[in-house]
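Common to both upcoming complexes is chain A, partnered first by chain B, then by chain C.
Moving on to the complex of A and B:
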């Protein structure tokens, strides 16, 4: 019996079915069950007084109502999230493209130099956040020193409700440039040689070539990257926490930071998970829009 | 003449490239530079890029503050997470590349959705689940959480790797008397070693730098990871940026060493359609 079962699992036509089981069971227990559990928690009163109870009181949508309406913070923090996400997507794409376009040219050590840019991507967000906190120091920080040459007087960066968001965006863009650069590079390299040659013969200026030939050809990559950049922006917790902890006065609090604060600083698991689900819904909507409008359209064009 | 112009252009571009690179990497250079300064030099304005007075006191201070303990903890978490992720990911990646069923697409869709989720969505429910399991404040909690967020990408990427390998390879092995599972381990996994290595390296770097799970699941400082260690260290030493930067430099070393060793393979793996 045992031998038969062993044979069925490891050496039969069904073997390939069994090999996905460890991953499925693991993901079921520690990825999908937690996500469903989020929904359960978000419609119950789960805080320090009820955490250990077996019957946590059901409160319907009260946690959602609280964070969206009653807390009075939702619009501000949603606005912060929007600014954070849109700025990241915009600057990461532009700078990532500029880097890719420059380092794809053939000069001495261009591949090695491009490789070294990736060091920014290897470093953990908390280390990057800490370095930027030092660069952005209001009194003796390097950035203020550099800006003094163009006549900008000392900016209190992370201590200021106006500038703190700019500071965390700069750090986050810095962290994500390499990833954008690499994917855009691979799209640029994949442009067929004959297209490049034909446009050179036609006498197109380099700007015309960029606008009329290169950009349309790599548009699918840019679109996909834009969506990935949105998704990655929601992973900004570690960076923001290490730089400002969401402050001063919530000025750098985005939805993921707020969700964490509700759970682990206010011990209100119900509200923390309600916010987590709002993030989940936003991300699913963004992905669906992307799949519906861009992926199908691309396929339609090639057919 | 034309050749000369071309040559000059290449030299010029190389110089501009180097400037861009140094400009981009300035924050990392600044980290290393600051860590070799004395406290008074870090606080001097205008700042110096190359320290006037190179000293290693910060490194000695940091090494005495328990940084090696944090590095050991992080390396344990990263190694265990990598082993779990790669093993489960490779088996499932192979499986999903071979099974023909309408369910495969659904399973892939679920993994695709899971792959996009930020960790902050998982941290609250995992906190309660791990409390119920009685593994709070253990390294295991961080390893399980980190594997849960790393696995979906590993499954998707490794499936792509195995899809590129023809079935006839396994069938030939079966005819030679190899068991099904034997063919997977002896023939296919060795062939997929670049793909597996890339996923392993990415998982390792990602879990070595974990912050949110160790911050939330671990209480004892002696069990903490490098990132929480750094975060706590700043709290105690906020104005001594030379020490903080020495701490950051030391804990970055394993990642930078690993990256330089595997650089070309990682770039190859990233651009091989892995993220499409």
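Moving on to the complex of A and C:
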């Protein structure tokens, strides 16, 4: 019996399932169960009046209706989210690429200096947010002090509905540049030397080499990075919360911040999880687009 | 053989670890939101342990911005602490959802309910029953930088008493020194904005059901005036109360709206300061303030409620509550203690706060106060960033009404 079982587990055509079992159990407990529970919460009335009850009233899609239609804030906050995400992806890629391209050049201490740039990335977002809140302070902040030398007068960064979003984007871009830099660096060093040499012999200028050789070769990395940046931007909550708490007047409230406020300030778990599920659906759509248009193509090209 | 010795030593190690805890003492868990090294809290627990050995208190500090979330998590999992301290503004939320134990009978048997301030005592009541006791109470009043007052040619002994006088004084203080803001208040996108604004709303003769009235508009315009005229930093929108006080203590402000906890950053101040009463609106004439503070409660889910009550009752004894709050620059919920102990009668600032407390009104009590407060915060921020006052008040009132039903 024992020998049979041993054979079934370690040496049969079903062995692969047994090997997957630990991972499946883990994913089940920590990914699928929370997802299903989130869905359960989002279609029930779960707030302080019903939280400790055994049967919470089923309300169908009412929570979704409330946040999308009745609250009247969905379009504004969705717009904020779009601005936040798109700006982050754009600036993180461009600046990350610039840093990576600069530090792959061989000069003294280029590796050590690249290491220094990474320090920013290992700092917790809450600390980064607090530091940036002081940098952006209208009166005693460093940024306004620096800007005063070029004749720009006092900007009330985080106290203005127009500038606050720019402020949190700057902080978030700063926080994520090192990650972009590292991934782009590894793509850059993997470009075969002979391709670069061949293009140099053919007389390509450095700009042509960048445009025609380097960028096409690291495109798969850039695409994957763009998707990661989108997903990471949705995790900008900690940074925004420590800088503005979504204010002034919702101007820096993105969907995850709203979800947090509904869940943990108003204890309206139904609405909070409805928002969380909307975020999930958006991210799944983005990931599917990425897989459909970029992953297969990438394989086809490289094979 | 080697294996046996190893197994035995591991077993022995486990046995040692688990026998250290004494079996005869009952351990209760106590969550508080004061700072990690709060001198009063440390003292009160030490004192309790010194006086008896039946109950042991396991103290856990939770940051005040996290304690409600931690409590909510504890309630949903059922693994709750035995005693907790939480804000009086959200207290009704917990009592209404059945989180706290009904201690009405215990309080009546104990017989000290009449010794507390009335407003705070209302905040621990839900549907006529008691669910806790006020640990400390506070209110907002105003502080002045005496040095700056004198430089501006103002008499620090006659602080501004009316809305107009506050405006006049602020103008006088304007430009006395570089980078000095005449007046400071806090309107961050959380409960702080509501807390700091409500006194002015009440002073104007409005309340949270009448933002969209001439009185409500006037209150909103009053704050807007200081920001528009450059008498208050636009950063009032992103500066929490505590940081505001740190800034005042650094000499960057002429007057500031703050609470008794402001004395802590002021310990390092290199100038003389004074506290004074909230101003009155000429038409109403009452220096209203807002009631803050924290209540202590026993969790309904606790299976050691008798031990928990023993500890709670101990903390509320005259000599204990006096030290607990006095050491940490707070004001006790027990009015008899606040009005007789030298902690509050001999400290000019705290004495003023015990007087200001007589005009302090509670928020709510409403079970969904946080949800009601949200549109108020938004309205204040809208007005301070340039939205038309009447428009903001109208929309804000609609939002408030929709969550009040």
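The definition used in the following text is that the second predicted complex is superposed on the first by the 273 of 303 C-alpha atoms of A that agree within 3 Å, B and C clash if a C-alpha of one lies under 4 Å from a C-alpha of the other, contacts with A are read in each partner's own complex, and residues count from 1 in each chain.
The rule we apply is simple: a residue touches a chain if its C-beta (ideal position, glycine included) is under 8 Å from a C-beta of that chain, and two chains touch if they have at least 3 such contacts.
Remember, predicted model here, so these are calculated numbers, not experimental data.
Enquirer: For the overlay on chain A, clash or fit between chain B and chain C?
Expert: Aligned on chain A, chain B and chain C clash with each other.
Enquirer: One more residue to check, A:137. First (chain B), second (chain C), both or neither?
Expert: both
Enquirer: Check whether A:264 is in contact with chain B, with chain C, with both or with neither, and answer first, second, both or neither.
Expert: both
Enquirer: For A:58, select first, second, both or neither according to whether it touches chain B, chain C, the two together, or no partner.
Expert: neither
Enquirer: So which one touches more of the residues on chain A, chain B or chain C?
Expert: Between chain B and chain C, the winner on chain A residue contacts is B.
Enquirer: Counting only touches as set out at the top, which of chain B and chain C does A:287 meet: first, second, both, neither?
Expert: First partner only.
Enquirer: Hey, which part of chain C ends up inside chain B in the overlay, 61-69, 133-141 or 151-159?
Expert: Clashes with chain B appear only in stretch 61-69.
Enquirer: Just to be sure I follow: which residues of chain A are touched by chain B in one complex and then by chain C in the other one?
Expert: Common interface on chain A, chain B vs chain C: 51, 133, 137, 139-140, 264.
Enquirer: Mind pulling up the chain B residues that touch chain A in the complex?
Expert: 9-11, 13-14, 16-18, 20-21, 24-25, 27-28, 30-31, 34, 42-47, 84, 87-89, 91-92, 94-96, 98-99, 107, 110-111, 113-114, 116-129, 144-145, 147-149, 151-152, 155, 179-182, 184, 205, 208-212, 215-216, 226-227, 230-231, 234, 241, 244-245, 248, 251-252, 255-256, 259, 263-264, 266-267, 270-271, 275-276
Enquirer: Note which residues of chain A are touching chain B in the complex, please.
Expert: Answer in residue numbers: 10-12, 15-20, 22-24, 26-27, 30-35, 37-38, 41, 51, 99, 102-103, 105-110, 113, 115-120, 122-128, 130-135, 137, 139-140, 142, 145, 174, 177, 182-183, 185-186, 224, 228, 231, 234-235, 237-238, 241-242, 256-257, 259-260, 263-264, 269, 272-273, 276, 279-280, 283-284, 287.
Enquirer: So in the complex, the part of chain A that touches chain C is made up of which residues?
Expert: 47-49, 51-52, 133, 137-140, 156, 158-161, 243-250, 261, 264-268
Enquirer: Which residues, counting only chain C, touch chain A once they are in their complex?
Expert: 68-69, 72, 75-76, 93, 96-99, 179, 181, 188-190, 233-238, 367-368, 370-371, 374, 377-378, 381-382, 384-387
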